[in-house]
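Here it is, the structure in full.
Chains: A, B, C and D, in written order; residue numbering restarts at 1 for each.
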């Protein structure tokens, strides 16, 4: 799985550039590379549905972020306790990663999932739902209720954006 | 194991960005990175070594497919992430319109 | 070139004219074959929305609004939502909320797996219209900013 | 089929939302009517669910006809029914209140859409029996609340909403990461099935890690003290009905309920987690009330008190003894009533006098008798003065602390209660008693619908103590308490009721 690790390292480097870059537009583009890397990783991990969706969503996120960014300033300011705060953050993240490193060994080995109910989907999915694409059969039949939630959340976002973008909020 | 760890390193890069950066767009970027890391982790735990794509084909009856359930969940989670990102970006654009800056240290109408 | 003032340059417009139909077609293919090949309602809907966004970015909003304005979009979104809920509630009639009650048909065919292609269509309408509305609100229908008021 | 009412808790608000978005724009009064009718139906159904539970035991609804480990299930048990009543009752009264209050804002139909979506999200969280489904509905409620906090689109509101949205997104990411870890070791998503798998597996470091993630995620959602920074900004900035909704029920259903459900029913409570709960609860109790003492902004003061009162709930539930759990749950119900009432009062004051600063008010008692009367009841109730409902729940929590041998926590709770009383005496003294200010000479009492919901809530405050009488107690509080105390037997109960 060398290519997977290489892609992950590429994504991490992209993310660090996105965080550290001072120009906002470059930063957004760097996030784009992370997203494209993720799309490729999905393809390697045998999830073509997700690769397509990730690619499309990536484009949309980039368009929205560029629109939010374009021709805007980037004031670069450091607060008084910059060093202290950064130190605290690094210590927190360090502790987080150490704990993850110690505890993660208890997970099932990579590449050998338990697949208790997934086995059932794979064995019976085609017969029970008639859909060849098992991911489709899961999201639209076994777990269609989640998809209702997904559609609703998009509707909520549309309503929310409409609400936030009103020019006049209160009647005078 | 190293793959899981790398994925969580990506998560902590995003976390660092949210905790330390003082720019609204940077904070949104941090959220996007965190979401990517979590989605990736979900797919990683469902991967079966040398598995096939979870789509049946007429000429094959071997059932060594990868786990389709995390893929379905992440599909939902990606849409949720998109909705949240759009919402936060809209709020950030309005904040810029009102305050004329993305710098969080200058956006201080609220005390505490 | 007086009437082509809006939008991007001629090169972009020409290429857009050539590619946008293919993108739209690809989106429709992905939606209709969602149950037998990778893809589905969400991916397809987003691709269809992107094809309209593509036109809008290249030609400016006037051209697109002639074909597709916001009220039409809201209508499509509501139709998608109501379609989805209707199928879900029809399931109650045969026993359960979200029951896939239609005949499953033969696998590997376009018309198979009961309600799943119809759900895909509903989600496609909903997602495509929803994303397009978000895009229109966020990106194009903004007032020119006054440089911020302190 | 009796359990066909379970999907209605989601379907009614969603249907009302979609209808509202189609026609609410054109026909003005319809969106008021639609939202009031929808929330009334929900309140009625939730009270009906108590009787349903009494007659037919725990109900499980198999969505799509797939039995639990395969598909998604909805579960109606004691705790669910208790939370549904709390949420939908408050939502109904607040929706009545909004009819008049929201006239100040533009585009009322969007407000109602978001409000109903929030209610749908909360009901979805409460009724869900599936971990990922819980996350999806939690996000619906959260996204709707981000938008509602910024509904006024002024400087402070947008800023508070941004802060809230960022914190909420981080919390959701932690929750989703925790779910991914759980899926990895149990390979199932159904809560009952997962609980069985985890019990079979025994104690494992991953469960500890997931506990930390969930404590952070749900702690952020319910604003426990180290994670409380967003609440005092977000809750006061929203329109008053939404402040009442956020403080009254949202932090409870998204934070406390989800946390209790995950820790008690799925992960299984351990002494460490229980200790962490008590610690966080005691800390929030004191920090919240101390920060509230120095506030002059009425709504901000109330928001700090929310942190403090959530501390009581978490302390009570964290004790893990039957009496402690009972006290925690009862205080949760009471707090949702009197905190909503206080926020509605502050909204009424803002509506009439258009100020939130306590120093600019004074003598409102003569001009606004209903508002000041109801706020007096709510203040006494939150401070724990005998006949009101707040007293009983606080008393139970303190007795439970002493019974369990945690004298320090008991004393601590009494101290926080005294500080709460002093803080609310300040509110009464400056806002409603004293001299009438010159500027406030020509204010009027608020319109009918606002008065109606305030009076209703005040009546519930006044008679809340009767819920402890055996007639009501056995069907309402006892079943919820039993659900929590059953712990990981939840799985057995759920699988039993499918057969």
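Descriptive notes on the structure:
Keep this in mind: contacts are C-beta pairs under 8 Å (C-beta built on N, C-alpha and C of every residue); 3 or more make two chains touch, one makes a residue touch a chain.
Just so you know, these numbers come straight off a predicted model, no measurement behind them.
Ranking every chain by how far its Cα centroid lies from the centroid of chain D, the top place goes to C.
Chain D has its Cα centroid 29 Å from the Cα centroid of chain A.
We define each chain's centre as the mean of its Cα atoms; on that basis chain A and chain B are separated by 2 Å. Mean C-alpha position of chain B lies 23 Å from that of chain C.
Touching of two or more other chains is recorded for residues 15, 45-46, 53, 55-56, 69, 73, 75-76, 79-80, 83-84, 86-87, 89-94, 96, 98-99, 101 of chain B.
Annotation for chain A: residues 48-49, 53, 57, 60, 64, 67-68, 100, 107-108, 113, 115, 117-118, 121, 126, 132-133, 135, 137, 139, 141, 143-150, 153-157, 160-162, 164-165, 167 touch two or more other chains. Taken residue by residue, chain C touches two or more other chains at 36-38, 40, 42, 81, 85, 97-98, 100, 107-108, 127, 134, 137-138, 142, whereas all remaining positions touch fewer. Arrangement of the chains shown, judged by which pairs touch: all-to-all, with no pair of chains left without contact. Only residues 10, 14, 17-18, 21, 63-64, 66, 69-72, 103-107, 110-111, 113-114, 117, 120, 124, 132-133, 136-137, 139-140, 143-144, 146-148, 150-154, 157-158, 161, 181, 184-189, 197, 204-206, 208-209, 212 of chain D touch chain A when the two sit together in their complex. Looking at the complex, you find that chain A touches chain C at residues 48-49, 51-53, 56-57, 59-60, 63-64, 67-68, 126, 129-133, 135-137, 139-141, 144-145, 147-148, 150-151, 154-155, 157-158, 161-162, 165, 167. Interface residues of chain C facing chain A in the complex, by the touch rule stated above, are 30, 34-43, 46-47, 49-50, 53, 77, 80-81, 84-85, 88, 97-98, 100, 104-105, 107-108, 112-116, 119-120, 123, 126-127, 130-131, 133-135, 137-139, 142-143. Contact residues of chain C toward chain B in the complex are 36-38, 40, 42, 107-108, 127, 134, 137-138, 142, 145, 147-150. Chain D meets chain C in the complex at residues 4, 7, 11, 14-15, 18, 21-22, 61-65.
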